[in-house]
Amino acid sequence: MLKFVLRFGTLIGFAIILVVFTIALPESFLTARNWLNISQQLSMLTVVAAGMTVVMVMGDFDLSVGSMATLAGVVAALLFTLGQPIEVAVGAALLIGLLGGIFNGIMVSVFGILPFVATLATLTMFSGAAFIVSGGKTISGRAIPEAFGAFARTGVDIGGFIVPNLTIVAALVLVVTWVLLEQTPFGRRLYAIGGNIEAAHLSGVRVRRLKIAAFALTGLSAAGAGLLYASRVASANPTQGSGLMLNAIAAVFLGMTMSRQGEPRLLGTLMGVLILGVLDNGLTQMSVDSYVRQVLVGGIILIAVALGSISKTRRR
Amino acid sequence: MNINLKTNFRRFALAAAALAVTSSAALAASVAVITPYLAQPGTQFYVEAFQGVAKEKGWDVNVIDTQGDVAAVISKIEDMVNQKVDAIVINVDPSQVQAGLEAAKAANIPVFGMDAGANPLLVTNVTSNGYAMAAETSTYVADRIGGKGDVVMFVFDAFPPVQQRGVVASAVFGNFPDIKILDKVTPDVSDGGIADSRAKMEAILAAHPEPGSIAAVWAAWDQPALGALQAIEAAGRQNEGIVITGIDANPQAREEIAKGGNFEASVAQDFSGIGAAAADAVARVLGGETIKQSVIYVPTKLVTVANAAQ
Amino acid sequence: MTLLVLQHVSKAYGGVPALRGVTLTVSPGEIHALMGENGAGKSTLIKILAGVVAPDSATIRMDGAPVVIDSPRVAHRLGLRFIHQELNVVPTLSVAENILLSQPVPRRLGLFVDWAKLNRLAGEALKTLGITHIDPRAPLAALSLGDQMLVKISSALVSEPGAPARLYVMDEPTAALTREESERLFRVLNEIRRAGNSVLYVSHRLDEVMTLCDRATVLRDGVAIDSGKLADITHNDLVSMMIGRKVQDAYPAPARPAESRELFAAIDLSGPGVGPITLAVKAGEVLGIAGLSGMGQTALLRMILGDTRAKGDMRLDGQPWRPRGPADAWQGGVAYVPAERRSEGLVLSRPIYENITLPHLSRQSRSGLLLLRGLERALSQKLGDGVRLKANTVNQRAVELSGGNQQKVVFAKALNGTPKLLLLNEPTRGVDVGAKFDIYQIIRTMTAKGLGVILVSSDLPELIGMADRIAIMRSGEVKDVVAAQGLGEEALLNLCYGRDAAKVA
């Protein structure tokens, strides 16, 4: 029984959270409207966390995703002010994400800098670049094309429910990332690198190339999330993505507690994202103070990870 | 261990259920105040005053701080709409939370701006009158120099709320035939604005060395006024009677004004008044009234040596 | 008079018996071998002795008096010392500091570390074991693995003066040691024996046990067999006790002679610290590489694998061989079995089949884009069966397997994709006797198919038994190449040391 609690602690905890919110918020929590809201609110975090999972599978980190998201949003907004069409601005922002990710990958795999240090440095660089590009101001108003902001405010009618575009984008990113990690040689090799980098290398895995590719994907997803954010607020300012990085890492960690080997798995990450989002949504609706909410969320992450590591120590 | 855990969970669930019962049983109006900027001093004044009024009215107020995250403001508006609160008050540029405003509109929940900016989806926006503030200080300057002399203006046209102040001051000075605008300076604000304003002012002082050649400095906000003051003092020209005014009455400005030196006046926004007026607007709408004004102005107050210490 | 008597030791894990009424006696001044294949119960027995695992039943006597060992502290007080494969040493500290790690540091004026005294005490501790070649002031990291082991033993000797060491329990101490390091260790063990203390010596290496130990206790399926005096039995007797069946030969006979066709050649190959090396491997041949540890054997294999940049020419199957990395090497038909299977050979956390298909995943998936797990599993099953891998399913994670079976997974991986040349680095290190024989069989089967094998090993009998020719490496160069047939161990050792010896080829 205790073993069961330890092994599935995070899932049990999530179930309890759902039950509590359902009882406490009988009219609003378990409604389609609310869950569509949650899915939309979590779309940016989902995209960043999916990308974060890719590098964490290799045992690496990317701390720069938040500022990359910001930079991408600001770059797109700047191109809008220069009269560029949406496709060009979005394309350029995604390209920046890809290049920034490749840069991270090169720092980590070619120069052998610890991911923590390398991406901490690029976090600062991207953030600085975002300030330079935006001149430190919020770019909003008429400069942003109506269609760009409208994207985040509209959705697709699926079976009588308007499913928000942001939700659909996040779902697509999840599916693609899942296939990539679980169903392709690429993902298999990333897991091999994460399990034993030296053995993978000696078994013919091109570690260097794969690391660069993985960081590139993470950068790309961060830029994508930044664009979703910019679309949602129909504006861009040089600090807006900064909250994403820690939440993304927290989500992956929560997800890791759910896999038997303690490895990052995409579905685990999705559960992690949901836990964070549902907690935020439910506690907000229960009028729990913003700051108390933060303490609670942090505490829950700690408990989940602690349970996970206890169950692992016991199995040894 | 297990049993303990279980009873604890049961207790938690019961408590949660009890909470739900009380919140749905109470007939009090529920109002959500959502801001990304709660950590900033001005915002705290609004919110406290708002809560003061709300308490009298017996409202159930939920103050939500998203800590700088604007997208989260949209999320919280959505959550509150989903919870069917009676009114929402925001303190952020409404054009950036359009998605949330539309969701509220669809659910017929009124949204109020508290120093937010005008927007058709807001019932009304409660704020200070920027035009009036600029008129207060520019007329103060004109009166003090007897409608005669050369004036240096510090403006910033890139930020709309500050740009309008410059327009008003220019109009006021333009109405005095003997007042000449010596220079209209836009300082670099990347480091707060004081340092660059001081540098710009030093250059102007150097170009006009004779005493009395500069009658006044009018600044569209406090930082350039403080920079200009530093420049004047550094040049040893503090006894020429150059009049300096700012706007906002921040603590540093108040301190200088209280000393009775060249920095003579600034204008204070009434943050508490804005909060109270916003609560008042909410009360009127909840009471069934329709508010026609898209902006409600709360009077500001001129700060001089007489009241700077308050 | 006996020092330690264990009787009726039983332990079951979840209903599965690991030990069934085991008896073990160790006399003072005896080196007693504890043998058995992996999973025979050796580690359980040691853990019971160490007070880490509680037995279901056991009677333990020290010096005739019954004792209960219910914690490591008690074991230590009774004079039991455990030296594991993983050394608990601090590489950044000096030898002396490591030896006296558990002691209060000698101080001058109660304040400054009395280095002179510290070094003197450590030097004395080393000297009691007959070790004079280690400088107590040297940083531990500068020492060879074997010397680090000696330091560890010295440290076990001095720790806590109140509880003098009586019995050293050593788990596979020579697994990572070179031959000369092992010999130094044996001298120390003999020193311990001479002083009247005892050693319980766990090892896979039969030759070692036969020469070093007085008696052996062999565990098989949780039951103990007393070998009696080792001097009275043969090598093969001991193997029979371990695997429970008669054995004829430790090394299977070559299936057919090597062809004359040259498969691989290296001409004036050199890399950082190694070379120039010139050697050739014929199809169907096993070329052994002998040498003292660190003479460039691993570097040679890594150059062939493309992992280390190399100057000079290589040819494989008549074509120039210039891999730019292990990935190229595997694609081109060169497979590598590294020396450290846990750190270099396997991704332990992943299933068996993922390990086996890792090098050729592009070919064994749909256009290199989508995994074909069914195909991977079937292929892994086939390759696993070919190497007599014992696992529940190929979905089992590698970490759950015994050392011998892990090594078989590494072999299955190497044999995936029909390689032409097999690079083997210590292929039977830490592998039990049964699995060892299986691995030799695999090598024979592969050479029969025309594969070439380069076999690096520090196990000289293995080299002589398996290789057709043996290249001897000293200081990064191949100094001699000799035929293995008829070569004596002594002669080969002399060649390794570069002493004058009759050349056979």
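Each chain carries a letter (A, B and C) given by its place in the written order, and its residues are counted from 1.
What we mean here is this: a contact is a pair of C-beta atoms (placed from the backbone, for glycine too) under 8 Å apart; a residue touches a chain by one contact, two chains touch by 3 or more.
Since we're looking at a predicted model, the values are computed, not measured.
With chains reduced to the mean position of their C-alpha atoms, the one farthest from chain C is B. Distance from each chain's C-alpha mean to the overall C-alpha mean is smallest for A. Taking each chain's centre as the mean of its C-alpha atoms, chain A lies 45 Å from chain C.
In terms of their C-alpha centroids, the spacing between chain B and chain C amounts to 75 Å.
Annotation: 34 Å between the Cα-based centres of chain A and chain B.
Per the touch definition, chain B reaches chain A in the complex via residues 1-2, 5, 9, 12-13, 16-17, 19-20, 23-24, 38, 60, 62-72, 74-76, 78-80, 82-84, 93, 95-99, 102, 158-159, 190. Across the complex, chain A is touched by residues 305, 307, 325-327, 329-331, 336, 338, 343-350, 354-355, 358-362, 365, 368-371, 397, 413 of chain C. Within the complex formed with chain C, the chain A residues making contact are 183-185, 188-189, 191-192, 195-196, 198-206, 261, 263. Within the complex, the chain A residues that touch chain B are 1-2, 5, 16, 19-20, 23-28, 31, 33-34, 37, 40-41, 44, 136-138, 140-141, 149, 152-153, 229, 232-235, 237, 239-240, 242-243, 280-281, 284-287, 289-291.
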